[in-house]
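For reference, the structure is listed below as structure tokens.
Chains: A, B, C and D, in written order; residue numbering restarts at 1 for each.
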Amino acid sequence: MLEREIIQNRGVENVVEGGEVTGFRFLVRMPNYRGVFARLIDGIEVRVGDLTWPREVPLWTLGGTQYTLAELKAAHLDVHWDLDEPAVITIPHAGGLAPGIHDIDVEIAIHAPYFPPPFRPSLFPSARKVTVIA
Amino acid sequence: MLEREIIQNRGVENVVEGGEVTGFRFLVRMPNYRGVFARLIDGIEVRVGDLTWPREVPLWTLGGTQYTLAELKAAHLDVHWDLDEPAVITIPHAGGLAPGIHDIDVEIAIHAPYFPPPFRPSLFPSARKVTVIA
Amino acid sequence: MNAPSLKYGVSLYSYTGDMNTVLTLDDAMAEIASVGAAGIEILGESNVPRYPEPAPAWIDQWHGLLDRHGLEPTNYCSWVDIGHTGGPDLTTEEGVAVLRRDIELAATLGFTTIRPKFGVVSMELDPHPAWEPIVEANLDLAADHGVVICPEIHAPTPIKHRVVDDYIAFIERTGSPNFRLMIDTGIFQREASTAVQPGVSEEGHKGGWMTPLAVPMSDLVDVLPYVGFIQAKFFDIDDDLVDPQIPWREIVETLVTHGYDGWLSSEYEGERIPYRGQEQVRRQHALLRSLEAEVRADTGSAQGGQRPRT
Amino acid sequence: MNAPSLKYGVSLYSYTGDMNTVLTLDDAMAEIASVGAAGIEILGESNVPRYPEPAPAWIDQWHGLLDRHGLEPTNYCSWVDIGHTGGPDLTTEEGVAVLRRDIELAATLGFTTIRPKFGVVSMELDPHPAWEPIVEANLDLAADHGVVICPEIHAPTPIKHRVVDDYIAFIERTGSPNFRLMIDTGIFQREASTAVQPGVSEEGHKGGWMTPLAVPMSDLVDVLPYVGFIQAKFFDIDDDLVDPQIPWREIVETLVTHGYDGWLSSEYEGERIPYRGQEQVRRQHALLRSLEAEVRADTGSAQGGQRPRT
């Protein structure tokens, strides 16, 4: 089962590539009542303490493949974010996050074309304390 | 999955036997952190509105078999109440409960011989509004 | 002999937030069966794992669970996200393909109606004009699969509106029995709901759930012959089994009196507090059954033309 | 080459309330693996479906899940409910049979220690005197199965107490390596916990969690050669990664310095709020790893005798 919170407790960790910590990642479940094709995902804004990453920066992993936001939109009808599959959000950030407790704030943006244009995209904010283990 | 509440939403209903409504039943999950053999179950007190049934009255269904409290205690090591199996509590009550919303209050008593004798049995109270459908 | 009865179902939309967190599909079906409902409605993109291409094992599991819980698939909700303003849009051909794929998947899973939700081009929810060619291109396929395509009449669009007029004109022009209206009972809302919907702005709430549309029952009577499915939308049924928003007595009376024989499928849309959807659906079913019994007693319609529940 | 490390595990007791409601066994193992722990501890009567005779398919599933999540079974908690005052009690022979069955089940599931909790006969938690013949009758069986029987030293019983003296005398008399002590780190508690335990009366709370026992580390050092398992009991680690109740720095320092090579198995016992156990175990592991690194850096014990984590 997934956690009720959008930001999941499990899966918060630093990313190590070639012996270097190049960033961190965490899991978010779909915040909306419906799954969507990648074309409707408008990004995720992430804040940890004083640091902020705008919607265009975080990388998305869905179905085991990692995408930039631009790649996600281009994936059109080929990639689908399901309700039972959390997206892995990866933030490029040299050194990653220090071991310990951090406040993560996110805002996920998703288009719902059945809402009148002024109401798009839908914004789903979520915040949680998470723990990085050394 | 079971509901977090001890008294489950699902399974509240009147009991019909031979065309007569002879009582009602509902489900409770094990309120303690450990499962126990039937010999340690000390009964469940049930209150619905103004009506009360003392520990000796409710019938227990575990593993598909219905027991009185005395039968349960006599079952000794032959019947076990698991954490993943709610007990069906049946209250003999001619006419059952009227369709609609009712307040159910219970207190489940379970012996923990590893507590000093003055602290036995452990008492687990729980209350919930439940709905009977016609 | 069964007494005549409305056909009751439950949409998994009611359990939004609970699905995948505290409810498996198996649990959800057990819950639906436990309120005495016979039908299950789903959202394809939400409830089908690996949509749009579920594993064959999952399809087998779906049918096995239906059998085990004694449930019948009712409506399958789909989306045709044309009119997208945040990136490349769908072409009409792509829209046709999307709806085709959903009709085929819905039929594979045993559903008898499908609700495509189209992108809109106005504040009054006028659907993208491509809705008509997209539906028309799929009418024969729908007929082959025994599936009825039902666009949803949803607040703030009332029944007396060009959107509905256009759908009815389409039914009359094509003569197809595979296109009908879906009524969302939110259009009958009489009081504001304070329930907050994730992802919807304050303005969105003001224009939607906080502004009761209060469509009169006579409008429902007028279009009832064209209605293929009803979503029993509601927000909150209180501790006295009273629904302050939706006039269930009038709705049930209208449906019984006029011999509606389609599904009435619970769609809880109140606060998304864990387990609340399950409690509220149970309350709604207690309320609807008692109202139906009263109405049938009052109107002597127990011998009406309704099919018995199977 | 792996750095030396304490062997970390997690008890499913930490997820009490979450198990079967928001966590399947599969989920729980994923959670444990995700904190970098290598071991899983269970409660037989709580976590084995259809205890004491799980279905063969479940046993297969158990081993499959261990493999998938890369986890090793550590300790199996059992109970010998002798001294029951609310109905017919167990005979010593029945007590022997209960423990025998649990040792066999623990071994089938791959566990290497078992903690039998005996009924008590005093406010100081003196175990029922039949503990000794019941254990003794099972020592050979335990040896055959490679299982070590570990009674738990749990508050309000300190280490300097006749209960522990009796256990140590038993070890020395029998010379068996299959009987050792289990330390529950609640005995080192320095501040009261306000966490409420379901089923425990107000008086029970006053006599238990609200009265820190504060056993000194030197007492642990004295019995460490007899210790077969440690349950890392805790209640609340705050937002600054500080545990106000349990002196983890001293505990880790003592274990590292004296070369403890058994398991340290998380046992969260704070408020049973959904998901909190999972968050708290993650905090505890972040805290323990950083303390261990600090202690090893301070004491230069990185070349100590600890086995690398496997």
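Please note the rule applied: contacts are C-beta pairs under 8 Å (C-beta built on N, C-alpha and C of every residue); 3 or more make two chains touch, one makes a residue touch a chain.
Model, not experiment: these values are computed from the prediction.
Peer 1: Hey, which chain ends up farthest from chain B, C-alpha centres compared?
Peer 2: The most remote chain is A.
Peer 1: Measure off the straight-line distance from the CA centroid of chain A to the CA centroid of chain B, and report it in whole Å.
Peer 2: For chain A versus chain B, the centre distance works out to 44 Å.
Peer 1: Could you please state the distance in Å, as a whole number, between where the Cα atoms of chain A are centred and where those of chain C are centred?
Peer 2: Chain centroid spacing, chain A to chain C, equals 31 Å.
Peer 1: Approximately how many whole Å separate the CA-defined centres of chain C and chain D?
Peer 2: 51
Peer 1: Residues of chain C that contact two or more other chains, please.
Peer 2: Within chain C, residues 21-22, 24, 274 contact more than one other chain.
Peer 1: Using the touch rule from the top of the page, what residues of chain A touch 2 or more other chains?
Peer 2: Only 1, 3-4 qualify.
Peer 1: Quick one: which chain pairs are touching?
Peer 2: All chain pairs meeting the touch criterion are A-C, A-D, B-C, B-D, C-D.
Peer 1: List the residues on chain D that touch chain A in their complex, please.
Peer 2: Interface residues on chain D, with respect to chain A: 22-24, 27, 30-31, 34-36, 239-241, 274-275, 278-279, 282-283, 285-286, 289-290, 293.
Peer 1: Going by the contact rule set out above, which residues of chain A touch chain C in the complex?
Peer 2: Touching chain C: residues 1-4, 29, 31-37, 39-40, 42, 73-74, 76-77, 80, 82-84, 110-124 of chain A.
Peer 1: Enumerate the contact residues on chain C facing chain D in the complex.
Peer 2: Where chain C meets chain D, its residues are 21-22, 274.
Peer 1: Inside the complex, what are the residues of chain A that reach chain D?
Peer 2: By the definition above, chain A touches chain D via 1, 3-5, 9-11, 99-101, 129, 131-134.
Peer 1: Enumerate the contact residues on chain C facing chain A in the complex.
Peer 2: Of all residues in chain C, those touching chain A are 13, 16-17, 19-22, 24, 43, 45-47, 49-52, 79, 81-88, 94, 98, 117-123, 125, 128, 198-201, 203-204, 274.
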